[in-house]
Structures are given as structure tokens and as C-alpha cells.
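Accompanying notes for the structure given below.
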Amino acid sequence: MFFRKAGISFTRYQDERQLWRLPADRWTIAVIFLLLLAAPFLIDRLYVISYLLPLIIWSMAAMGLNLLMGGAGQIHLGYGAVIGIGAYASVHSMRAGVPFELALIIGGVAAAAVGIIFGAAALRVKGLYLAMATLAMQYIVDFVIVQFPAISGGSQAALSVPNVTFFGIPVQGDRAPYYVALAICTVLTVFMLNVRRTSFGRALAAVREKDYAASIIGVDPFRYKLLAFWVSSFIGGMMGAVLAVCYYRTISPDQFHLDLSIQLVAMVIVGGLGSVLGVFLGVGLILFAPIILNQLISWGADQFGLAIPMDLRAHLPLMLYGALIMGFLLVEPLGLAKIYNNIRNYFLVWPFRHAR
Amino acid sequence: MDMILLAELAVNGVFVGLMYALIAAGIVLIYKTSGIANMAQGALAMTGAYVVVILASGLGMPIWVAIPLAIALMFAFGAAIERVALRRMIGQPVIMVIMLTIGLEILLRGVLPGFFGAAVKRLNLGIPNTPIFLGELFLNRAILIGGGVSLALILLSILFFNSRFGIIMRAVSDNQTASWSVGIKVERAIAVAWGLSATMATTSGVLWGATQGVDWSLSLLLIKALAIAILGGLDSIVGVLVAGIIVGLAESLATGILDPIVGGGTRDVVASAIILLTLLFRPHGLFGREHIERV
Amino acid sequence: QDKTIRFSLPMDFTRVYTFVTSEYSQGQRDYISLINGRGGIGGYTIVPDVSDHANDQPRAIEAYERGKSQGAVLIDPLSTPVARALVPRVLADKINMVTAFSGRSDAADGTAFPYVFPLSPNYWTQSGLLIDFFKQQDGGSLQGKTIAFVHIDTPFGKEPLPILEKLAEKEGYKLVAFPYTPPGNDQSAIWPQVRRARPDWVMFWGAGVGQTVALTEAARNGLDMSRVSGSVWVSESDMDVVGRDQTVGVLKVEPCASGRDPKIIQDILSEVVGTGKGAGPEDKVGTAYYNYGVMITALMLEGVRRAVEIAPDGPVSGEWLNAGLNSITDYTAEGLIPSTTITPEDHQGGGMARIARWTGERFEPVTDWFSANQDVVWEEVRKYSEEFKKTGN
Amino acid sequence: MALLSVNSVEVVYDQVSLAVKGASLEVPEAGLVALLGANGAGKSTILKSISGLLAPERGAVTRGSITFQGQDILALDPPARVRRGIVHVLEGRKVFEHLTPEENLIAATTMHSDRAMITDMVAHMFELFPRLKDRARAKAGYLSGGEQQMLAIARALMTRPKLLMMDEPSLGLAPLLVDEIFDIITRINREEGVAVLLVEQNAVAALDVVSHAYLIEQGRIVMHGPAEVLRENPDIKEAYLGGGTTHVDYHGVKHYRRRKRWLA
Amino acid sequence: MTERKTDQPILRCTGIERSFGGLRALKGVDVEVHKGEIFGLVGPNGSGKTTMVNVMTGFYPPNAGQVELYGERITGLAPHKVAKRGVARTFQNLALFKGMSVLDNILVGRHTHMRPSSLATLFYWIWAQREELAHRRVVEEIIDFMQLQDIRDEPVDVIPMGLQKRVELARALVAEPRFLILDEPMAGMNQEEKEYIARFILDARDERDVTILLIEHHMDVVTALCDRVTVLSYGEVIAQGEPRATIADPAVITAYLGARAAARHAGGAA
């Protein structure tokens, strides 16, 4: 009910173009943001370190990928490799003494530079063929990282991240990395939200939907697809740097394998292509459903003393997780964001059933 | 370079490629009817192999009874997937349906090892390990048989697609709504495709399982199969055949020629490079149909 | 409640390490049940917190952090990538991490990795032992021999290479390496080349599928199985998959006694499994991986016992346990393992093991516990641990 | 008794937007009925609710009933309805792009088992639409708009329908072809007794051939009756027939919207 | 309005050839469009009208022949470059951007006048907002003009076909083209709607100085609006000239109109 709005009347285009037109939405966002800011002081450090922090970092990656998949309609199965390039480039430069702020950019640029080479090659192809071309990128980058100890960090293939500062604040301990990631993620989120209401985003979407129609409007489809690759890879590379500094602290090649790429694609799709909110929902589901299910199952097994065989107990979360993904898609094939929207729309027109 | 070794590797590559092509053919079959890449194809192979193991070791059936029975069961299972899940996704964005199959893959990877044991299981087809020698040329018996069986099944499916049913399948993949509008039972066509595809997957699962044992890792066959299907052109079974042989050969020769030079496993990279290059020159794979866009 | 010691045991039950984890974990839990059933150690009960991290780092980190916040003093992730990723955290948090048969080999150097405990012969040691065994078999010299090393092309698979190369120089054999792409389900193009290299000995390095396929292909290529050898990861289950009679003669490195004969295993059978408290199927008791689980847990608990000796009233913490682990001396787990001594310098425990041969029924030891080539191994360990101390890698 | 009767059907898209609000209409056995209406009035939606093709567009019939030959068909899936004899030529020429015209025709014969009959029918269609025969080997996706329209009609006829529903068949066709298509429609209707439900914007042509017509506005049927009567209605003349004369002075058209009297 | 019309050709196509596989869709077509006129291109289905337009706008480079726009050779130029030279078009098979609102669809039409960049997106409030709003005003004008106010925020895929056509027109028009190509803009419209589009076409020419090439099968519209027409059949020009005279040509009647339609039109003219 409180969502309800009967006839909007904006007197300025500017107001009508706000990110959230409903005051209720604006309040929700503000409250969530404040809660995120206060989180390290409100909740146990475990939840900050191993839930909120990865949620934020993975969301950044998923947003970058979403720009490409949801924004420009290009599937990318090598995004893990993109992140890897960013991580390695930035960690190597930080080890060489480059400050973190600059290393972020270096990571982004390196990833974008390599990404765009493959992108340019891959852009001749569409749909699943593109997926395959980017998958090839994943394998090739993996190979290069593993085969060159100079990149991967010696025979132990582990590269540790030096202590760095972010605008003077040392990125150590539990809180600082969280705030650094949150800050960067906020900027990125704002960017992603703005994409939809600027000419850049519209051009991308136009190319995604009908590239020939876009071209007669003056949008160069090739250029914009490349641009999408560039920006998205840049974001991925930056995220790689954040991932390394704020979360992993030691990077190794297996962190950026195909599994990561597929995981990210799953996050974007399950969340809902092109939706910023969906990214967070999708990341939450894909990242935490296995963990939480695992805990639920072992908690249940301990509580009720169920003598289930270990194999079953270990695999039950996997089954439920798979079933959950299928279930959500069967209920709403357009993803979690759409489920959220359906619910919201229901309340927006409540107590009526139909909008018209 | 040793010519005999090259010949051995070449023969081996061709037959292994055929074995990969069989899983890929299952992907193509489904793509041809519903325009989606089935990401659960590897998991179906794993499931099929598990079913054979359950029937053979668990229930004590002779292997030659267990395999046909498993194939029949898996056909039903494939068709059931359509009934339970895919039916409700008709007309929905393709990418979402693909995601659904990823969910299915995860589910299967949980169910079978969960209920029937995660440890690797033996699947013995009774093919002796003793090598065959043609003069100096060594031939791998298991791989010859595996490749042969795969080839036969792939040829059969080519025949299948040259029938009226083949036209209907292609119509379904073109436009499901329009197919409905002219009375094609879209659901049934898709169910049959899934059933057949599960059958093929089972066969591959058995062939691979006989070498590597049966456990979840059979589902990893997906990636290679997907690569081959796409190289071949996703909707061409002939394409799969050719692509399978190309990839098999290239990988086999790469291990023989490049590995010693590079000092690392170049197999996947060579395959990736071939795929990348092919797609650059033939954006729809070797034999895939082009994307029709009338301006 | 207050007298408990918490072990965090997140492992990979569903992904890459499935082949070992359930048996390994079963052995661990059974042994803990055995000790807890006898009243624990110095009044402390051990609480094992088993969970699945699926070899996925965010999940492993979550499990680690959860363990940490619940007061766990030890973590055993049984995964090389996870162990690597956790190294900086455990060093900072002072929580002991057991990296038996996994993790980085240079962690044997306790001065560089005070909180990381391999507690078992690392891959460098294992390959060194095998080479020494070949040498014994071939009459004390490997001069002019050819040794084929077939390995999975990952950091783990490549690990023995520096040792093998060094020993090749020293012993005068020719080393030919054959990498295969993970996961190793198709090695059909590798083994014809191995056969053609006419090796005197074959050493294959892999795990799970990579091993069964290696063994199958070795048999199909008609290699002499009694000259084919593998790491500690070769197990009965591999033989079952390949066919028990197909692999007669295959050699492996055995870090602890196998089968059900050792006294500890007998005790578990009577006190834990016999009373229905077993953590898994009874037929798995006494398998190679099960015994590894028992072996490592016995060492962990010996560490606890020592810690209780040093400071009976705790407080229980990572540092407290660390002192105990570092003072394990001449421990044999009632004959299950070779005499093991852990010192603040040596976290490997002496590097002793033995070589066993598959008879078609079980693994029969063909040597006594021995250690070999430790000089070369430690040279390598120090090289990397120095590097780690310097650069953090 | 009517062949098809639609009784106060209500259609909702995406669970919230109501596109058809209680529409009723009837098509008699072997009748020829037109459904006219402005853009977005809900004509296509009604046809889809009859053929069952709403589901892929997230639409659903939420109220009312549809009976065909006296039986309720709402519970049937689209292919079953085709087997009952209802075929729907979709708006916007949804041909099977990757199939040749001939294969397009064959794809619509799942309900027939007689091979010889199928061959005959294909030949017959090529007689009706010779242009298709010329292009029989090209992929349908490359046919010109008009060619695709013909193919879509021919393909529908391959199912041997009792009721042929056509959504704007003349859309994009050259005048000669429009005449031909309407000829064919009347011929099929007269000679083969196929009832036709025609959605058309070309009201002049439609009202010429049909016996009865319905007019729909914003999801409601606002008027219906025999074709002659509707043709004389002044509003219809203005909005659909061109101000009553065949030749409109397009230069003189005003910038404001005329009010239609049938609207409340 | 006639005073704007000149004989100065703005678009000249000479000897255009184009084939698809074995099919010769265009066999040496010459077309000249003069500044300020409404030029009709008609012909039976499959005669090559759309192909001709595709050649002009750079979608299908011709196999032979030249396209000149304002005296500049644009043969084979990519569509987005053609667009930059002031050409806009609509498509026969609607080509709107699904999943975007009507408003956004039209806004994309302003692309050539905007300076999109990802940095501007990031710093929206500083860099992009003013520009966005300025263009929004232009777009709103067109929305008013095309009477699309009520559906401004609807996703474009759920609005009816006829309105979609109007949106596409609006999208072409906001680009402020000098030369506008309309491929069957009135297909699927009733009389009333046709009149609106006609009104709009005339206004576009008269008030916005746009030269228009119109493909239509509605002969009443063609005869009423067009200054000159060219009739294609099987890829060849079979008649050309003043509309009424042209469609009375027997060749056109047999190939395109048919006797009945011809009679209808003749009757009306009488």
C-alpha cells in the first residue's frame, strides 16, 4: 500500500529521470546503503568478511559482465580470465611499488587491452558461437598464466599481495578492505544505474537488440560492441585488483579458471539480464546458496541425528542448489529481478488486480 | 619426428575425436529442436554411466543387458526432463533455458554421487587391454571400438534427420510459436530430441566410463563436446563428425609434437586456437546454418 | 562445553578431491571418535567440524573464517589451491593448518611457515624416495637409464620436476616428462609416446581420474606394470576401477601402513565401528585413504597431547597447539607410521615412507621405512622458503 | 449452431495488463467473418486466445469460454486445436526461415499420414501461389515480405482447417496480390467450406467479401452486424473506408483526432 | 509547398545491380530523387524495392552501379556513415529495439547528435544530464507531434503493431534527416491511421524540409502524396513518372495493380 502511487506528476524532465522515482524506493536505498556502511560495527566480523565482502566484490564482477551480457547482448565465457589478467597485472605492479590506486587502473587497462583483442576477434560471431570464442580466450589465458612462472609466481604458483594503502588508508585488517570494496562498488553501481539513462547505454542496447537498425541511426555496431568489451573488461580487471587486495591476498591461477567464468555468467542470468538489482540477487544466490544449504543440512543432521551417509550429506546441498536454480527459473524465467518486480508491481497496484 | 608415432597418434586422434563427437551430437540434437545448448549433456553422460553401473554391479545384471536397459531408461529420463521443466520454458529467452540446463547439471551432479556413492566405480565392458599391433603400428582396442560405435550412432542420427521428422525438428527450432500454430507438437518433438540425446549421452558415458571409471568427472566431457558442437556448427550433425575428427587429430598431434617443445600440456590451447580461428573465418562453424536477418 | 578443542575440517567432497575426501574424512572422524570415546586428551574432547568447500575458494574462506570465529585452533582443508590461498591468513591469525599431501611443498620449512604443517612426506620427498628405490632395484646406479615422468599439467603435477631434474644430473639418468591436460580423462595420445621412449621406469603424478586413466593406458600400451610407479595417491580404489588383475606390480609411495592390521585400525574396528559409531561404510576401513586420514589425525592429536603436557590448562589457542605440534617426537602411532619427529624447523616430519607393490589384492611393502635424497629436497625447500620469507611468495 | 463461439473472454498479459475485456463473437459453420479494429484494439489477442498461442507471450485467458463445434477448447494445447481444425495465420509472417518453402509446407502436415496426399497438397499450394514455386529452393527467410505472407497462408492451408483465422493477410501485399488473396479466401471458403475469421485493416476489401463483421475498440466489441449494414455506418466509413469516398484528399487531412461516436 | 521542390537531384542511383546467390534482385536500376519531393517506389512483392533501399543505405553494397548523395559518392559506405550524412529510414519488418521503452527508442534516434561516452555516464550529473535533457526536449516534441504521449513509457514490444510503426517513424524523424526513406509505413493501418501518417509525411516534407522516398502498396496514398513514382518489377524499372499516369500504364497494371484495382482507381479518379 505504501508503495502506491496514483498518477505521477513531475514538472521537470529532470525529476522524471531520477533513478528512483518513488520516494519509498529512495528511502529503501538510503537505508540499505547506511546499513552497509554501518555493517562492520553492527554484525559479527565473520559476516562482513566472508559474506558481505565477497558479495560486494562478486557483484562488481557480475556488473561488469552484465554490461556486456545484459547491456550489449554478448555472452562472455572468459570473464574469469579477464579478472585474472587484471589481478595479475595489478599485483605485479603493486609488488613493483606502484600504488594501489594506480594499480587498479593498470589492472583495468591490462584486462581491457587483452579483452579487446579477443573481443575484436570474437565479434564476427554471435550468440553461442561468441560464447565459444570467449571460452577459447579463457583457455589460452589460463595456459599462459600457468606456463609462465614469471607471471604466476614461481613453481608454487602463488603470488602474495603486498600491503598497500588506498588514499592513505592501509588496506589491512577486517574493515578497511570492506570499505575500499564498498566504495569502489558504489561508484560502479552508480555507473551501471546511469548507463540505462544515457546515450551510451541506449546505444549499447540498440546494438544488442537490432544491430542493423542501430546502424542506420548512426550507431556503429562494431565500435559499440568493442566499447562494451572494453568497458566491461576494464571493470573486470579492476575487480581483479580489488579481489586480490581486499579478499584473496594471495592469488593463484586456479582462482580465475573457467569455474569462475561460469559462476559469474550464472549470477548474471539467474539475477536477470541487464538488471542492477538482479546482479546483487544473483550473486547472493549463487555465492551463498551452497554455503547456507551446507550449513542447514549439517545443522539438520546434527539436530535430528539423522544418520545419512556422508556422500549423501555432502551432495544434498548441491542437489538443492541445482533444484533452486531450476525452481526459480521455472517460476520466473526472467530471473530474480523480475520476481522482485512482479511482487513490487503487485503492491504498486494493490488492492487492484490489473494496471489498466 | 617418428612417422610411426605420428601415424599412431593420428589414428588415435581420429577415434578419440569420434568419441567426443558422439556427446557433441547429443548437444546438436537438442540444439536443432530447441535452439538451446544443453549444458547438462555431460551430466547426462555421467547419469547414464551411473545407471549402467547400478544395474550391472548393484543389481548384478550382465553388462550387455544393463546397457540397453540403461539406454531405454535414459530415453525416458530425457523425455521426462522436457515434461517437467522445459515445457514451461517454451517461448522464454534462450539464455534462461540454457541456465536451466546448468541447474539440471548441478542437480544431477549432486543426485547421483549423493545417492550412489561419490567414489569412482568400475565399468567393465570386457574389452581386453591387450594392444593390437599392425606391424609396428600400435592400436588402442578400446578406443577403436569406442570410436566405431560412436561413428555408427552418429551416422544413424544423420539418417534420422533426413526424414520428415527431421524437417519438423528444424521447424521447431526455427520458431516454436509458429510450429504450434500449424499443429506441430512442439513438446513431443523436444521430448524425443532429449530422449535421443540422453541415449547418445549414455553411450558416451559408458564408453568413457570404461576407461576412466564412473564418477562425477564424466560430466566434464561437456566442455569438449560443446567446443566440438560449436566448431561443427551447432546444428549440423555432419559438422560434429568433421569437427570431432579435427579436434581429436589436432589434440593428439599437439601432444606428440608441441608438448615436448613447449614443455606443457598444449592440448586444450591448440583446440581453443583452432576453434577461435575457425570461427573467425566461418562465424557459424564449419557447417552451421547462417543467421538469417532480412533488413 | 569448556573443555573442547575445535578442529575445522572443510574439505572438497563434491568436486576435484571427491576421490579421496570421503574415505580420508571417515578415517579422521573415526580416529577422533576413538580418542573421544576413551575420554579425550587430558580432559579435552575434540570437536571435528566437517563441511564441504568444493575446492571453491570463497567457500573455503568462509569455512575458515567461520572456524576462526568459533575458536578452531586447526584447519585441514585437504586441497592444494585452498591451502595456498589460506597461507597468509593462517600465518596472520596463528591458526594451525595441516596440509598433508597437499599445499605447498616448501611449507616443510617451519621457520618460514610456522603455522603450516604438512606432517607427511611432500611431493619432492616422495619423488626422491622413488628415484632412490629405482636405484636400489637397478643395482645401485641409474646411469644411462630412462625415467618417464607422466604428470598432470598443473602446479601440483609439475611439482616433482625440479627434484627429478636435479637427481637426473646427480644420478645420470635421462628424464622425459609428459604433461597431460587436466583432468586427465583422455591420455590416449600420451602413452604411445611413453611406450616409444622405452623407459626403464615410469612415474605418474596425478590423482583421481588422472591416475586410473594413466594405469589403464599403461596397461593398454603393454608397459611392464612392475616398473610403473605413483605417488601416495595410488589407492585400492584406482585398482578397482582399472581392474585388480590388470595392475599387478604397480608401485606406490606408502606414508603409513595400509590395511587393517595396524593396532590403531584394529582399535577403531572394535571400539568405534564395532559399536555402531563409525562415520561411514565399514568396508572402507583400512583403505589407503582411510588410513591417511587416521595417520594425519593421529599426528594432530599427538600434537594436542603434547600441548596438554606443556600447558595442561591451556588456554586453548592456535599458539598453544602449535607448541604441541612442534614437539612431536618419535611418534609412530602404534606402528601405523614411521617414526615421526616434528620440530619448529621441520614440519614434514623426517620424510620417511616406504614403497609398496600391488599384488592384485593389496599393497605389499617392498621396502622398510626409509628416507632418501633429503639433502636435495631440503635444498629445494630452503630455496623457496627463503624466497617466501623475502617476497611473501 | 455456430462453429466457433467466443463468450465474454478476458485476456490478461503478464498477469497485470488487461488486453481484452469480455469479448464475444461467433463464426458460423462455413461462415466468413471479419474482425475490424484500430491498432492495439486486441484483434490479434482474440485470435491468439482462440488458437491457444497466448502462453509464449505470457498472456492467459482469465475469464470466459471458447467453444469450437460445441466443445470447450480452452483446455487444449495449440496443436490439439489445430487437429480439431483451427488454424491461425500469425501476424507478421512467422515462416520457418531456415526451411525452404516446400519444407515449410511439409512441416505443417504432422496431422496427416498419407504421403501421397501430402505431395498432392504441396502441388496444389504451388498452383495457388506460383510465385512460391519459383522460389521453392530458397530459404524462406530470404523471401520478400509478400512471398512470405503467401507462404504463411499456404502453410496454414496444409493443415486442412475447418476454421482459418488470418491476422492481416493483406499486410504488405501488392494490390494485385491482395485481390488474389481475397479471391483465394473466398474460394477456399466457398469451395471447401472452410470457415474464415479475418482480421483486416483493409476494411474495403474485407467488407466486400465477408458476410458479417465485428468491430473492436480497446478490448471491447463495440459493434457487429452484417457486412452491408456496417459498410453504411458513417463512423466506419470515416475510420475504415476513407470518409465514404474511394479517394481521400490526403493533403486536406486535419491534425486533430476525430471523435468516434460508438465510444462511450 | 511546391516552391521547395526543385529538380536538383539529392540522390542519384545509376545502374544498380545486386544479386543473391543465383537470384538477380536488381538488374541495373536507375533512380533519381529530387530535393523536396516525395518520391514513390512501387512494384510487386519481391521486385527489389527493399533491396534498392538497402543498397542506398549501405546495407547491401551493390554488385555494380553508383549511389550518390548530394553529389558525394556513398556507394558501399557503411550504414552508420550513411546515417551521419543525413539519411534516415524505417524498416518494412519493424526494427525497434525490444526491451526498451518507446521513449528510449526514440531517444536513440538522436544518436548522431549526441556525444555518448562511458565517462559521461559515470559522471552523469556533471557531464551528461544537461545534454540528455536538451535532447529529451526535442524528442518530446516529436512525441507530441506523433501523439505517442500515452505510451511513452511502455516497453516497445507490448504496444500494437500500428503504434510500433509510428514509433519507428518518430525514431527516424528525431534524427532530423535531410532524406527519409519509408518502407511501407502504412502497412497494417486502417484508413484513419493512414491519414495520420500521410499528414505526417506531408508535414515532414513541408515543415522540416525533408526529402522522402516512400515505398507503399496503398495506391490511393501513392497517387495522392507522391510527386513522381518509379515502378519496379523483377528488378527492373518498368515505368516512371507522374503517379496517376504511371499506374495507368498497361505494363504496370499487368505486373502490379491487376485489372480490378486499376478499375477501382480509375473509377475514383473519374
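Here are a few things to note about the model shown:
Think of it as A, B, C, D and E in the order they're written, each chain with its own count starting at 1.
Going forward, a residue touches a chain if its C-beta (ideal position, glycine included) is under 8 Å from a C-beta of that chain, and two chains touch if they have at least 3 such contacts.
All figures in this text were calculated on a predicted structure; none of them were measured in a lab.
The chains in contact with chain A as well as with chain E are B, D.
Of all chains, the one whose CA centroid is most distant from that of chain B is E. Each chain's centre was taken as the mean of its CA atoms, and the one lying most distant from chain A is D.
Centroids built from CA atoms put chain C at 37 Å from chain A. Centre-to-centre spacing of chain B and chain E amounts to 48 Å, using the average Cα coordinate of each chain.
Mean C-alpha positions place chain C and chain D at a centre distance of 74 Å.
We define each chain's centre as the mean of its Cα atoms; on that basis chain A and chain B are separated by 31 Å. Contacts with at least two other chains are made by residues 50, 59, 91, 93, 95 of chain E. Within chain B, the positions touching two or more other chains are listed as 109-110, 113, 118, 263-264, 268, 294-295. Multi-chain contact residues of chain A (touching two or more other chains) are listed as 146, 212, 311, 314-315, 317-318.
Pairs of chains meeting the touch criterion are A-B, A-C, A-D, A-E, B-C, B-D, B-E, D-E. On the chain B side of its complex with chain A, the touching residues are 37, 85, 88-89, 92-93, 95-100, 102-111, 113-115, 117-118, 223, 226-227, 230-231, 234, 262-264, 266, 268-269, 271-273, 275-276, 279-280, 283-285, 288, 291, 293, 295. Note for the complex: chain D touches chain E at residues 13-14, 17, 36, 38-41, 44, 91-92, 131, 135, 138, 142-147, 149, 168, 171-180, 201, 203, 238-243, 245-251, 253-255, 257-258. Looking at the complex, you find that chain E touches chain A at residues 57, 59, 78-80, 82-84, 87-89, 91, 95-100, 104, 107-112, 114-118, 120-122, 124, 128-129, 131-133, 135-137, 140, 171, 175.
Residues of chain A that touch chain D in their complex: 342, 345, 349, 353-356. Of all residues in chain B, only 90-91, 164, 167-168, 170-171, 173-187, 289, 292, 294 touch chain D in the complex they form.
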